[in-house]
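As written, the chain order gives the labels A, B and C, with residue 1 at the start of each chain.
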Amino acid sequence: MRFVDEFRDAGKAHALAAKIADLCEPGRQYQLMEVCGGHTHTIYKHGLEDYLPEQVTLVHGPGCPVCVIPMGRVDDAMALAAQPDVIMTSFGDMMRVPGSNGSFFDAKARGTDIRMVYSPLDSLKIARQNPDKRIVFMAIGFETTAPSTAMTVLRAAAQGLTNFSIFCNHVTIIPAIKAILDSPDLRLDGFIGPGHVSTVIGCRPYEFIAGDYGKPVVVAGFEPLDILQSIYMLMLQLSRRESTVQNQYSRVVPWDGNAVALRAIGQTMELRPYFEWRGLGFISHSALKVRSEYAAFDAELLFSVPGVRVADPKACQCGEVLKGVLKPWECKVFGTACTPETPIGTCMVSPEGACAAYYNYGRLTRSRVREASRS
Amino acid sequence: MCLGIPGEVIGFLPGQPDLARVDVSGVRRVINVGLLADDPPEPGEWVLIHVGFALSRIDEDEAAAALAFLAGIGQAYEDELAALQESRIE
Amino acid sequence: MTQAADSQDAGWIQEVLREHGEQVSGEQPAAQGRQAAGDAGQSGERAGPAGHIRRGSPQPLPGTVREELVLERIDRARRSRPRVREDRVTMSHGAGGKASQTLIEAVFLDAFRNPLLAPLEDAAQLHFNGSRVALTTDSYVVSPLFFPGGDIGDLAVNGTVNDLSMAGAVPLYLSAGFILEEGFPVADLTRIVASMRAAADVAGVQVVTGDTKVVERGKADGCYINTAGIGVIERDVMLGVARARPGDVIIVSGPIGDHGVTIMLARGELDIEADVVSDTAPLNELVGGLLAKTAGVRALRDATRGGVATILNEIAAAAGVGVLVSEDDIPVRAQVRGAAELLGIDPMYVACEGRLVAVVDSAQADTALAAIRAHPQGGQAAIIGQIRAEQPGIVQLKTAFGGTRIVDVLVGDPLPRIC
């Protein structure tokens, strides 16, 4: 596969790994955070941590927009879906997120009409095919996915659809990173910056991280060599006491982002004053809602939604894990009450979450199998 | 969720400039290229696909530059290894 | 002081960066952005992020010791008695992964408990008047009924023929039970049954008994089929995944994931076109040829729901061994790979309907591989890995990139109603 296979060439990985090791100052530990769930996924899928020296640790950040949706919002979505004439459409990742009464998956088992879609546009097709039903799309994701939702709303408006709306749970990446940076127990040396979010918002929004917090940022692609190269670039900056934003994923990410996408978001959505993030609490100006001009497509206005705030379970320590303060196995409920099958908090819900990843792979990443270096 | 995959544009749907057919390793799908409206892609160009939309164009020059960098590092590494081997033989 | 994003369209980012700018220049307190609308006490926040784990806790153990304890706790939980937590059946229970296994063990095995059922192989191996007989059953609920490469009828015959073959049996007779939805076109039924006849002829079996039921419109989604089969185990073989031992090799008979991807695309919901067809095929001849050439086969499994990954985990669990496979060696068609990447699914978990996984004594590896390749169904067979003593119960994959990752038991249901 072009633009994929070349960036998975193991031969080059050894070279990068050697260079990363060379840049480690004796006795110093380096903690680098990858913000984006897709990066966490690549790291585990390809066993990337096996290539890193002992001194470099990767901390897995809160970049899983599915996992950070609080229970109250999941309950709201289930209430929407349960209405008799509603067909709810959703991405697959959302299906197992637990609310107060189980997940979408469980609701489906009870007879609720919830359908998995690959693209928000698929909802429009379902809406056209079911004129007597009201279709609600569960809109989730960071700025990567918001443009697609926006375009779908615009398309629905252009087509004059009257039975389609979205339940908007889009969140924005900058406040999440800022919440981590402002955490008093922060111990991070640099950031592997989100790849696909950056195709939309560009690289400029990260400048405050490098400038005001002194942490270098390298926007990274999703293939294993992309991530290794990004780690190398971070280590190079750290060794030179530099702190800037660099774009390793330049083949896809334009420095200025995608103006059309930003316009589409701006046209259809606006900031909520605050939004609750599961495990991180309330963060101001961190989420989007539908603009009043498109009220006809806003499920929150068309339907009555319970809107009850449900607190994170007291035992949940996701906030600390997300910020890199606690390791997954340090959380009191890890592995007992909270497992991938019975997740309590955000870090366990998604296969990309730090706790889910550690639960499944933790033992092995620690033992650092060096078979790769023998080849 | 961040899932984005490169695909080659092979054509447009007649009368629908927003909809392009792309090819990913022999698999074909129609996607919406509306987000690239400022500079629409041409057949033969590669785009990044995410939930049925093209999010960005793949810049082949940048890709080549990235691969050249990686090849360079790889070559330097191999040269070093070779030098190491030779010095052992003496 | 860094500049805010100068794209005037990204208003929501400018807003946040402006707040940040004000904070940095001291005009607002640092925690401004995180003040709750009136219920900070109830939210996930705490006064100091790590403070509460020290308050009132006993003296913390050294990090590595605590980590070991947690890992042991997870291991114990994994080994504990299965219990179905849900009070209703979900699609996961039919996916062939963890939930399916739990349902089987906690409900069916618990009720029917007997030594013939316990091995939970593809077919039961029975003794009958001095002969060894294999018995199996499978139900077919695939949607859509007709797809590139075959239809539900093909699956219904080949699937059961294959389950018998995995026990080393020569398949002989099938039963066929039909549950038909009111309104289902007879022409479709005729077509399906014609497929079954053709498949039975190729496999050398006969359908000798059957049943038909009709249910109201809205149930049975057109047509459900159950087939049961019996065959005779003529050779002196005792096949079973529990027999795998360290040193054995693992062979897969061809490219994986063809059937599952074909079904996903055939549903037409995804608007994806690709030249992938189902790999549904009878494997009895291939197995016969293999067992004739070598006595070194320890186990055979056909890779259906849950894919090759599920079988590897079953081997690891049943035999208490580790499994190490190499991504580079696993055959996957480019189009299957492309579709899987597009959809974010892993071909290792995708169903096949005409592929087997064989565990073979390493001394016989080459012979076994040659025997499988000699058959048209096995032309692209490959050795994909080996059994080892280390990390018992765990399946590891050496990635094409050189690192390793675990291939865990399937959780959830990526591709419903595949077979």
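We take it that contacts are C-beta pairs under 8 Å (C-beta built on N, C-alpha and C of every residue); 3 or more make two chains touch, one makes a residue touch a chain.
Since this is a predicted model, take the numbers as computed values, not measurements.
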Ordered by label, the neighbours common to chain A and chain B are C
Between B-C and A-C, the pair joined by more C-beta contacts:
A-C
Averaging C-alpha coordinates per chain, one finds the centres of chain A and chain B separated by a number of Å equal to 22
CA centre of chain A versus CA centre of chain C: separation in Å?
26
Per the C-alpha means, the centres of chain B and chain C lie apart by a whole-Å value of 31
Among the residues of chain A, which are close enough to touch at least two other chains?
1, 4, 14, 118, 122, 259
At least two partner chains per residue is the criterion; list those residues in chain C.
270, 334, 337-338, 341, 344
Two or more other chains in contact with one residue: find those residues in chain B.
3, 5, 24-25
For the complex, give me every residue of chain B touching chain C.
3, 5, 24-30, 49
Please give the residue numbers of chain C that touch chain B in the complex, ascending.
270-275, 334-335, 337-339, 341-342, 344
Provide the residue numbers of chain A that touch chain C in the complex, in ascending order.
1, 4, 8, 10, 13-14, 44-51, 92, 95-96, 105-106, 108-110, 117-118, 122, 172, 174-175, 178-179, 182-185, 201-202, 204-205, 207-208, 210-212, 224, 256-257, 259, 262-263, 265-266, 270-271, 274, 276, 278-286, 288, 309, 311-312, 316-320, 323, 325-327, 329-330, 332, 334-336, 339-342, 359-364, 366, 369, 371-372, 375
For chain A, which residues count as touching chain B in their complex?
1-4, 6-7, 9, 11-12, 14-16, 18-19, 36-39, 41, 63-66, 91, 93, 118-122, 140-142, 144-145, 147-148, 151, 194-197, 199-200, 222, 225, 229, 248, 250-254, 258-261, 264, 352
Using the touch definition from the top, list the residues of chain C that touch chain A in their complex.
1-3, 5-7, 9-13, 15-17, 19-21, 24, 30-37, 39-40, 42-46, 48-50, 53, 66-67, 70-71, 73-74, 77, 85-86, 88-92, 98-99, 269-270, 334, 337-338, 341, 343-344, 391, 394, 396, 398-406, 408, 411-412, 414
